[in-house]
Amino acid sequence: MDLILVNIIDGLVTGLLLFMLSAGLTLIFSMMGVLNFAHASFYMLGAYFAYQISIALGFWMGLLLAPLIVGVLGAGVERYGLRRVHQYGHVPELIFTFGLALLIEELVQFIWGKNQMAYFVPDALNFSAFAIAGNSIPAYKIFMIFISIAIFIGLLYILTRTRVGMIIQAALSYPRTVEALGHNVPLIFMGVFGVGTALAGVAGVIAGPVLGTFPGMAFVLGSIVFVTIVIGGLGSLWGALVASLLIGWITTFAKSYNIEMADILNGIGIGTPENLDESLFRDFWTITSPQIADILPYILMVLILIFRPSGLFGKRHS
Amino acid sequence: MTDQITTDPTKPSERMRAGSMTLSLGPWIVAAVLLAVLPFIFTNNSSITIMNQMWITVIFALAYNMLLGQGGMLSFGHAVYAGVGGFACMHIMNASDFFAALPLPVLPVFGGLFGMGLAMIVGSFSTRSAGTVFAMISLGVGELIAACSVIIVAFFGGEEGVSGDRTYARPFFGTEFLQQIEVYYLISAWVLIAAALMYLWSRTPVGRMANAVRDNPERAEFLGYSARWVRFYSFVASGFFAGIAGGLFAINYEILTEENLNTTSSGVILLVTFLGGVGFFFGPIIGAIAFTLLQTVLSLQTELWAFYAGTLFVATVMFFPGGLAGLMMMHVPVFKLGKARLLILPYLKTLLPALIGILGLSALVEMVFHVRHAAYGDDEMTLFWTTFNSHDILPWVVALGVTAIALGITRANAPALRDAWNEANTAGGSA
Amino acid sequence: MKNITKLGVVSALSLIVGASASFAETIKIAFIDPLSGPFASTGANGLHQFEFASDYMVNQKGGVLGGDTFEVVGFDNKISPKESLIQLQVAIDQGIRYIVQGNSSGVANALTEAIDKHNRRNPDSRVLFLNYAAVDPALTNEKCNFWHFRFDANADIKMDALTDVIVADENIKKVYIIGQDYSFGKAVSDAANKMLGEKRDDIEVVGDELHPIGKVKDFTPYARKIVASGADAVITGNWGADMLGLGKAIIDNGFEGPIYTYYAAGSGMTAAFGESGKGRIRLISQGSINPIGSEEARATYEAFEAKYPDGNIDQSRIFNVIGMLATAIEEAGTADDVVAVASKLEGMEYDSMWGGKLFMRPQDHQLIQDMHVGVHTDENIDFDYDQSGFGIVNESTIEMASMDSPTTCEMKRPE
Amino acid sequence: MSTPALELSGLKKSFGKAEIIRGIDLSIGKSERHAVIGPNGAGKSTLFNLITARFQPTAGTVKLHGEDLIGLEPYQINRKGLSRSFQITNIFPKMTVFENVRCALLWSQGYKYSFWNLVNRSRDLTEGAEAILEQINLTERRNLPAGTLSYAEQRALEIGITIAGGADVIMLDEPTAGMSHSETDYITDLIMKVTEGKTLIMVEHDMGVVFGLADRISVLVYGEIIATGKPEEVRGDPKVQEAYLGAALEAEH
């Protein structure tokens, strides 16, 4: 029972971290129709910038400055790269971000080398907040939860309560009309892209010390962010939140409890073959849930796309 | 936009009519002769190994372009069809009795059939719509099967993969395929066959409709064709040819591993195809050749090869969305108008300095990299056959100067090139 | 259009061919390992150590065979078996007769099979495969061949040594085994179960599981299970980001016991563990760095540090590879006849500067050597890793580990 | 009397709360040229889209030669012999004019999803496509990408594609929208020519075209048909006059 509570907290941390990435991605998608493959690369840049800044000015300045730099970079990418490719259509756009992801990874290796960076949790947060049955919950995790919830509330507030948010929401659905009303839609696009990537940057800054800062960190996370927003429904902020938490909890619980395929199959009435070792399906029978925990989101996505192509909260049919 | 019509409309019409009735054999004969002759020019085994890899990639990229270029379907998980076909071939290689009765050149057909079978299963649900949904399903399925490769050890052999020995096949006219060169000719023959079949496919009713569905699925539906089934057939055919590529991979390397299935391979084939150009049948061929050279030859010269490849790729998407093939085909109207000569001098004046400028830039990149990452005290570096001290001022001044001057000349001459280009194109007025 | 492209191919290919002119007085060694991509740091560090070792141990001492020098040529295999086979072919064409490789048993498997086939099919250009780090036991058991020599201890030998240390610790009653879901992770798990059972049946294995390799973003749930299981020690074969992620998660989430592991030092990992891993991470290795094995080794390490201030000698066996190869070539009197060289390597006894004796077992070409279990700490460190002040201090030594371990290898020697 | 070519009964369509089509009954005989007219927003295009399964109706049936069309996919409807054009030009812009027409011929000539036939080997296809190009006067544009044609030419091509499959019921959605006078005359003649002996249903704004072409006319206002009959009957119908005048007045505001 205690472990369940611990798992819920851990899943929440994973989910909220994922949400910070998917929130930006889904905003960018609903606005410009671009699935930004390089989104996780901005997450990585956030971690590296923060590491670099933290050496000189400490963690907190990193938290403040790194997302800003990432956001400016993101806006620059939109302005000088994506806008140019936009005229060729969506597939080249997607391919452009795909190439950009590769390029950023190479650039990071060029600048910082290929090793893990020694980027640590700040001393102020490097203690155990509390413990449940011997499982300590680091204070840093609580900090992560607070930061992401604050960002979600802030985002929701801006989108629904401010003038800028209204314009953005209108531009989501009727870009032409908004442009006709005299708003600078390209500027809004650039701004949204910048903010979206800055959010990814924040995620990188706070995840870097826990999940490691290395050139492969974007690749590990890259496609899962995609999966999240597809499950949640492209363009839906709430969908992104629900899907992120769902994925956070599913993967956490699947790793925490060893459920074997044989048990499930026996449970639904399929008997274990007698000489399992010689059966072609032997590996299938011995699959355990931790083994497949991290591919469960993909299974979920494929199922959702088959049965509900617009995702859990999606309205648009792409 | 309406006035851009070729000078004499009757001429191309005649040409097309003639072309439409007879399949022009010229390029195919040239390709066949080249394939046959190349090993006499590059006699060493490594060139042959690299060419084998190239031709396998050619088949795979052409198969991929059946989806992306001809069908408008963006797949992020196409490696699995080649991979599964390859794994199936490896298992056939290891089924000694059956394999001993089978001539090796037939083996790729089985790879094709398995790739096709998998494509039928996946296609049955993934081709319902194109666009994002298709792309995401392909990503998901690709990840799943790649993940299976380490879980389902019985078929995929885990991390070590599955290996076999091609020489246990039934000798084919006395050939046991011991040597690379024999394998080379086997692969070359398959490249011709597969490329020809894929080319012909694009001329069949379902191949034509693939284009139609790509451009306008709704209109195609109102012509009696189900967009979904048209996509399905393209997908299955693409899976078949990808499987053939997988089978050839099995023959050439005699081992298949997880890397044949993973998302990196799927991503690479997307890069290859797009780099070559999706708009033309021969685009992927060029892409496969260029990328294989980048990967195997450039990586011998510099560890930064992936950085250059990435830059090249992004630049292609940004400036030449038609890829290398598009770049070449841009010149066809110029040649038709007989004005190619107008371009030679401006090209020399612009591209030569541009090339020097780019080389200068890459030299700077290499020098920065050397200063930053080379061993302490190891100041010497060799670049373009020159050895120098990367911590001296002089090489930096030279590199910077050359780059700046070269790029400056390029910039100065670019307007002249633009004018010449317009001039070369305007007479006929066609775009 | 096609012709023009093909012309490009022609010129590009002739470049490689041109570059392949070899010199009689250098003995080239092809280093086929990742130099780009996610594992590039390990590969690049290995290449530096090889280059340094051949220069320092051979060339500066007058070379072999009266003046022939060693040259290590790096080939980037991008940790892909396919690329490795291409680069192998390129290396062979350049007249290289010695292949060294170590990262990934998958690549090693592909290479050893390809080299076996190549040597059978092309008796004129045979090559030797000097494996310095791939530890899949199969390579010296069912998949062994005459051309393959392993200078690292295999996974079973390492586990044998690790479990010797574990069973000696009376406080350890419960053990949790976790690893990556592939051949090596499974081999570690099997070996740990078997050997713990044999050596001390009161030790309970409270968990034994595999996780997807290279895919896990957050190891916290695994750490929770480990804590909840009440384990006193963790055994893992993880490497790279999976090792760091797992190790950090276990330590951060309240696990108090030691972590016994194979690969948790150097390549930035020591620095990344830093203070948090102090006294917790125990590592199996050969060759003792702290305290250093010999004065010769100290001089070598200092020379290496002078050249590569941010590099580590985290694979001291690389020096053994070069040393033993030089000796074998010297004894055989030729570098071209690899069968003669291989015959000298078989059964060779060699005194390593890192301490202890080395013995290349002729039955399976597995090097038998002293194994050390060290601890990650910042005390008593002569040579740290990653300039972090932290390093590995030797705690226990198992001499000539698994000298009599069985092998299923049936070595076929060329006539 | 034989079964009508197209028969609608009780057809309704709502989008959310808004009822766009409010119960339409209409029967169109074989070889009849039928025009649907009505003010903007009357639901003409929606009606078209209901018939051709672009939208699913809320209630009612659509019968083609007595066969129910509801629930069928567009391609199945097309195979039963109903072909349509679109209000916004809907061709294959990247393919050549010739290819456009040839694609339209493939299904009706029985090629289906075949991959063992080569399209350029088939004399029937080539000749069939050329005959249609001849009919729509685009022979000279044969090898140009369809997207580069002038607007009127693209409309002509669209009509060509629509009739190519040999469907006996042709539906044209505003074939002359946005055209100059001379272009309109040209298209009207073309429609006359190519729909000879076929059932034609068209939505049209240009009254000249409608009264010149149609055998019968239906007037659709706010989702209901308020009059159906011969052109002169409809012209004189007071309800029609009122609807048109009223709508025209409203539009002026």
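A few points about this structure:
To keep things simple, chains are lettered A, B, C and D as they appear, and every chain counts its residues starting from 1.
The rule is simple: a contact is a pair of C-beta atoms (placed from the backbone, for glycine too) under 8 Å apart; a residue touches a chain by one contact, two chains touch by 3 or more.
Worth saying up front: this structure is predicted, and the values here are computed from it rather than measured.
Distance between Cα centroids is largest for the pairing of chain A with D.
Note on chain placement: the centre of chain B and the centre of chain D lie 43 Å apart, centres being C-alpha means. Annotation: 36 Å between the Cα-based centres of chain B and chain C. Computed from the mean C-alpha positions, the centre of chain C lies at a distance of 74 Å from the centre of chain D. Residues of chain A in contact with two or more other chains: 109, 113, 291-292, 295.
Annotation for chain B: residues touching 2 or more other chains are 147, 151, 304, 306. Every pair of chains meeting the touch criterion is listed here: A-B, A-C, B-C, B-D. The touching residues of chain B, when paired with chain A in their complex, are 68, 72, 74, 125, 128-129, 131-133, 135-137, 139-141, 143-144, 147, 151-155, 263, 267, 270-271, 274, 304, 306-307, 309-311, 313-314, 317-318, 321, 365, 369, 373. Chain contact summary for the complex, chain A toward chain B: residues 35, 81, 84-85, 88, 90-92, 94-96, 98-100, 102-103, 105-107, 109-110, 113, 223, 226-227, 230, 234, 280-284, 287, 291-292, 295, 298-299, 301-302, 305-306, 309, 318. Those residues of chain C whose C-beta lies close enough to touch chain B in the complex are 1-3, 5-6, 8-10, 12-17, 19-20, 35-37, 40, 44, 48, 75-76, 78, 80-83, 85-87, 89-90, 92-94, 104-106, 109-110, 113-114, 117, 121, 136, 138, 181-184, 212-213, 215, 306-309, 311.
Against chain A, the residues of chain C that register as touching in their complex are 38, 40-41, 44, 181, 209-212, 214-218, 220-222, 224-225, 227-228, 241, 244-245, 248, 252-254, 267-269, 271-272, 274, 386, 388. By the touch rule above, chain B contacts chain C in their complex via residues 27, 30-31, 34, 38, 41-42, 44-47, 49-51, 53-54, 147, 150-151, 158-161, 163, 165, 178-180, 249, 253-255, 257-260, 282, 285-286, 289-290, 293, 295-297, 299-300, 303-306, 325, 328, 375-378.
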